[in-house]
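Presented below is the structure to which this report refers.
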Amino acid sequence: MAVITMRDALNDALREELARDPDVFLMGEEVAEYQGAYKVTRGLLEEFGAKRVIDTPITELGFAGLGVGAAMAGLRPIIEFMTFNFSILATDQIINSAAKMLYMSGGQFKIPIVFRGPGGSAYQVSSQHSQALESWYAYFPGLKVVMPSTPADAKGLLKSAIRDDDPVIFIEQERMYGMKGEVPEEDDFTIPLGVAEVKREGTDATIIARSLMVPAALKAAEELEKDGISCEVIDPRTIRPLDIETIVQSVQKTNRVVIAEESHPFCGVGGEISAEIHEQAFDYLDAPVKRVSAADVPMPYAKNLEQLAIPDFLQIVAAVKEVAYV
Amino acid sequence: MATQVIMPKLSPTMEEGQVARWLKKEGDKVSMGEPLAEIDTDKATMEMQALSAGVLLKILVNEGESAPLGEPIAIVGEKDEDISNLLEGKKERAPKAEEEKAEEKPEAKEELKEAKKEKETEEEEAAEPKKAAPAKEKEKEKETKPTVEPSGDGRRQLISPIAARMAAEAGVDLRKVQGTGPGGRIIKRDIEAAMKEAKPSPAAAPKLRPMAMPKAQPGAVYGPSAYRDEPMSEMRRTIARRLVTSLGPVPHFFLTTEIEMDRAADMRQQINALYPDAKVSLNDVIIKVVAAALMQHPQVNASFQDKTVRYYEHADIGVAVATENGLITPIVRAADMKSLIEIAAEVRELAGRARERKLKPEEYMGATFSVSNLGMFGIDEFTAVINPPEAAILAIGAMTPKPVVREGEITIRQMMRATMSCDHRVVDGAVGAQFLQTFKQIIENPLYLFLG
Amino acid sequence: MSSQRTQRQENSEAAARTAAGVMDEPARKDASDILSEDRDTLLKMFHQMLLIRRFEEKCAESYSLGKIGGFCHLYIGQEAVAVGAISALRPEDYVITSYREHGQAIAKGISPQAVMAELYGKATGCSKGKGGSMHLFDARVNFMGGHAIVGGQIPLATGIAFASKYQETDQVTVCFFGEAAVNQGAFHESLNMAQLWRLPCIYLCENNMYGMGTSAQRAMSMDDVATKACAYELAAEFVDGMDVVAMRRATQRAVERARDHSLPTLIEARTYRYMGHSMSDPGKYRTRAEIEKYQERDPIKLFRAKLEENDLLTEDDVKQFEEQVREEVERAVKFADESPEPAPEELATDVYANPLR
């Protein structure tokens, strides 16, 4: 196993898939000559040329729609949003075109496209550049939403997303690009979409976390272990379709749930997971499902306020203690 | 649009089916092809799949009830859809439908029923002096209408879902558990603590419906008895396993008693003198007394269900009838609810049709207890074989005058021997004996029938 | 890169002419240049226009009978645009359009039966009854759909053209949209990318003068859509959208530019819709007289007169065409009527190509 950063794992996945399938191309702002605003696409222009690694004007709606059209005609585009904040401009094409094309054409036009880029909280860039949008996209049938939390997951899931025949929203955490982790060196390492992973086993409470909150949840679990509370940490990895079976199995074992997320609480993915747990495992709950979410405010700039807005492991520890009645 | 779910044809010879179990509750989402209910056909118990997706809006045929092929048994549609047009002319079939629908938690079900019962009795009482103070009535209602468990101070008892489930499974009495969660919520660890303390004992066994002699509803039609399935204790399971390996599929044991029948015979004669058309037989009296005794010993009105023991609410008595083609046992449904005259008429009618082979399957399948009488053949005493899954059968011998000792003197009395066969997996010796004792007590003094 | 710069100079010149209101010379000649076409082609176009007209009239009737639900945007009055433009394409070329697309769908080769069945919400519809009037699709004839967010199809068309170039086929994409779509960002973003990357795409604006109930004059700061091309240095043409032959010629020139030089074109076709925006439009925003004025230049009437003038069509031929078209439409209605509704299981199919669970 090689220890590499999330950034390099993603870069490997892109390189391998570009090499594997000539129908795959990569398009976005600053992906080619600039080598990527976050250097995820570093070196790809040199390797694959300007035909397949394409810098775009700042025209998110336009190139998102162009990608969908290209997918209709048989290509497999990877559309990078410099950050997912800018995908908001492209939502008409993502939601009204990509998500619905297969359905409203009666199954004639599949859209094998990946919309990827950094999302979630960044460092002190204030309200417009620091927000979690997964609940928007997860709302729509027709889209798949993937959020990796380790370099290995990032690589394996991105490769699967590129090969998937449906539109996939692939949200990378901006703060995690430099995070290192072991990535299998095997040829063609992939991880199937729609499968959660138990990141840590435990018996007293289940912490469901995704993206940036997975390391926080693992740290919280370590802390809680000292108090004799054994936590299971589950990373759904794919938000839609959600692997609710794995979650329910864990809840049946632990009877207590904390959902940790860096998104706003209202109408969020955590609320959805909580609802599913209540529908499918109500009789196994020993306490109400507890969410630990970002503050319900736009992201502030000041460092101290920003820290207050994003949940940390201590909040997860407190939440677990609450549901475990400690 | 709401659609009716009809009783499907699940076997080539099936004419009607019995809903063994609803796998969905009213209000549940149903997807196409999903199992909706288990249906007992004349052949087997089969899963019935939903043919349309939506929400199960209404159950028309309750568990244990039957419906002919093609008859609506439920309605599936969109949530909150108006289904009044589909319900027109559909009567509730079960006398206890309201009770079945009550949204109580499983562990509170029995208590709730008790509470309801109390309330009913109170209402009956209050029905006479109709001017009773309304405030007082309201108060009573408050007391007797808990949604879950009344705690000591009358507030709703809070309990987490997993704790409720564990308590129900282990038979923990929640009134004795002190909740340690927020606001006194009973949580998992409280039940775990309670389970450690309380050894499994008969006291922990689920409380059973106390015997009461309900009003007869003349002309009422009853489906097969409603029941509840209780999880089998580990001990019960072991008994079941061991007895089966020693005695065969149904481990029988037999209890015999001799009964003085003079008073019962007198009573029968008096009734027939008053109502010559009633033609009450001694066997009808026996059926009525068996039903009454079963209400006092619900452990006997039960059946072995592999993983659970099924306890029936009503006494559906199978009456063995000899026909040219062999033995058949038409069923007097809810004999505990019926008058002697009703029973007599029903037995006569069923036996007549049995001999003409005109009984429908649900008229001879699904009794909760059977009576076999060979007295008319001069048999003094015999043992009968249990009709599975019933837990017992009572074999009645001939009534003959015999010398007996009463108060130190030899005297002649009409004596009859009754032998009960019990399924040891469900009924233990003492339980069977107690039942037989009650049976004897009532039939020797039939006045008990009227004392409820 | 260098070839792009050369092209930029060419484009600049074309754009300058357009901006100055100088319409291309060829466009003027198109109107009288009917004899250079063979008769079969012309009659095929006449037949298609008549078919679309009668089909749409039947749609209006079916809509009022409740057989067609939802929105239903009719094309009556604009037939020359779709028929003329699509006649210039090869079968493998792509067409993508807006929600007013019954005419384009039929002209591109979807059978009237499959279109009508779709409008009726039947399983045999070209989108299996899942798309309806606004979302006709047929992958077999590269009809890439009706799209119902104004301007939404324009970036898609750009992407389809991008794919043709990427795949090194010589397919051309024609994208139809109304003049109101020009005010959307999607139009401008697409034209910029198409010219920047030299994509074989024809942007065909059907200027019917109204965006729903708002006249173009009340919505656009300038009158001519074609002049907007100069902002992106795109080749542009202004065409009489009531003249089917002119439409064909203009599109042929754009196709040549796309196929041979991989360059986009913006065509503005001036046309007029006789019916409301949709079936539920009371039409209060324009006068009866205005409609009648445009009906004098009815595209079918004009074409028929021209064909008759040149002895290419007789009154008997017209009768025969009318009869044939009547039968085709009747057949479509019968087929739609008799077709089954989609099976309830269809509700949940086609959401994902790889459903995963």
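Labels for the chains are A, B and C, by order of writing; each one numbers its residues from 1.
Going forward, contacts are C-beta pairs under 8 Å (C-beta built on N, C-alpha and C of every residue); 3 or more make two chains touch, one makes a residue touch a chain.
Here the structure is a predicted model, which means the values were calculated and not measured.
Q: Hey, which chain is the most central one here, using CA centres?
A: Given all protein C-alpha atoms shown, the central chain works out to be A.
Q: Would you kindly say which chain has the C-alpha centre located farthest from the C-alpha centre of chain A?
A: B
Q: Could you see whether B-C or A-C has the larger number of C-beta contact pairs?
A: A-C
Q: Can you work out the whole-Å distance between the CA centroids of chain A and chain B?
A: 56
Q: Quick check: how many Å separate the C-alpha centres of chain B and chain C?
A: 74
Q: From the mean C-alpha coordinate of chain A to that of chain C, what's the distance rounded to whole Å?
A: 40
Q: What does chain C use to touch chain A in their complex?
A: 94, 96, 125-131, 135, 137-139, 144-145, 147, 149, 152, 154-164, 166-167, 185-186, 189-190, 192-193, 196, 349-357
Q: Would you pull the chain B residues touching chain C in the complex into a rising list?
A: For this pair, the touching residues of chain B are 32, 52-53.
Q: Per the contact definition, I'd like the list of chain A residues that touch chain B in the complex.
A: 255, 282-287, 325
Q: Name, in rising order, each residue of chain B that touches chain A in their complex.
A: The contact residues of chain B facing chain A are 160-165, 180-182, 187-189.
Q: Touching residues of chain C toward chain B in the complex: what are they?
A: Going through chain C, the ones touching chain B are 344-345.
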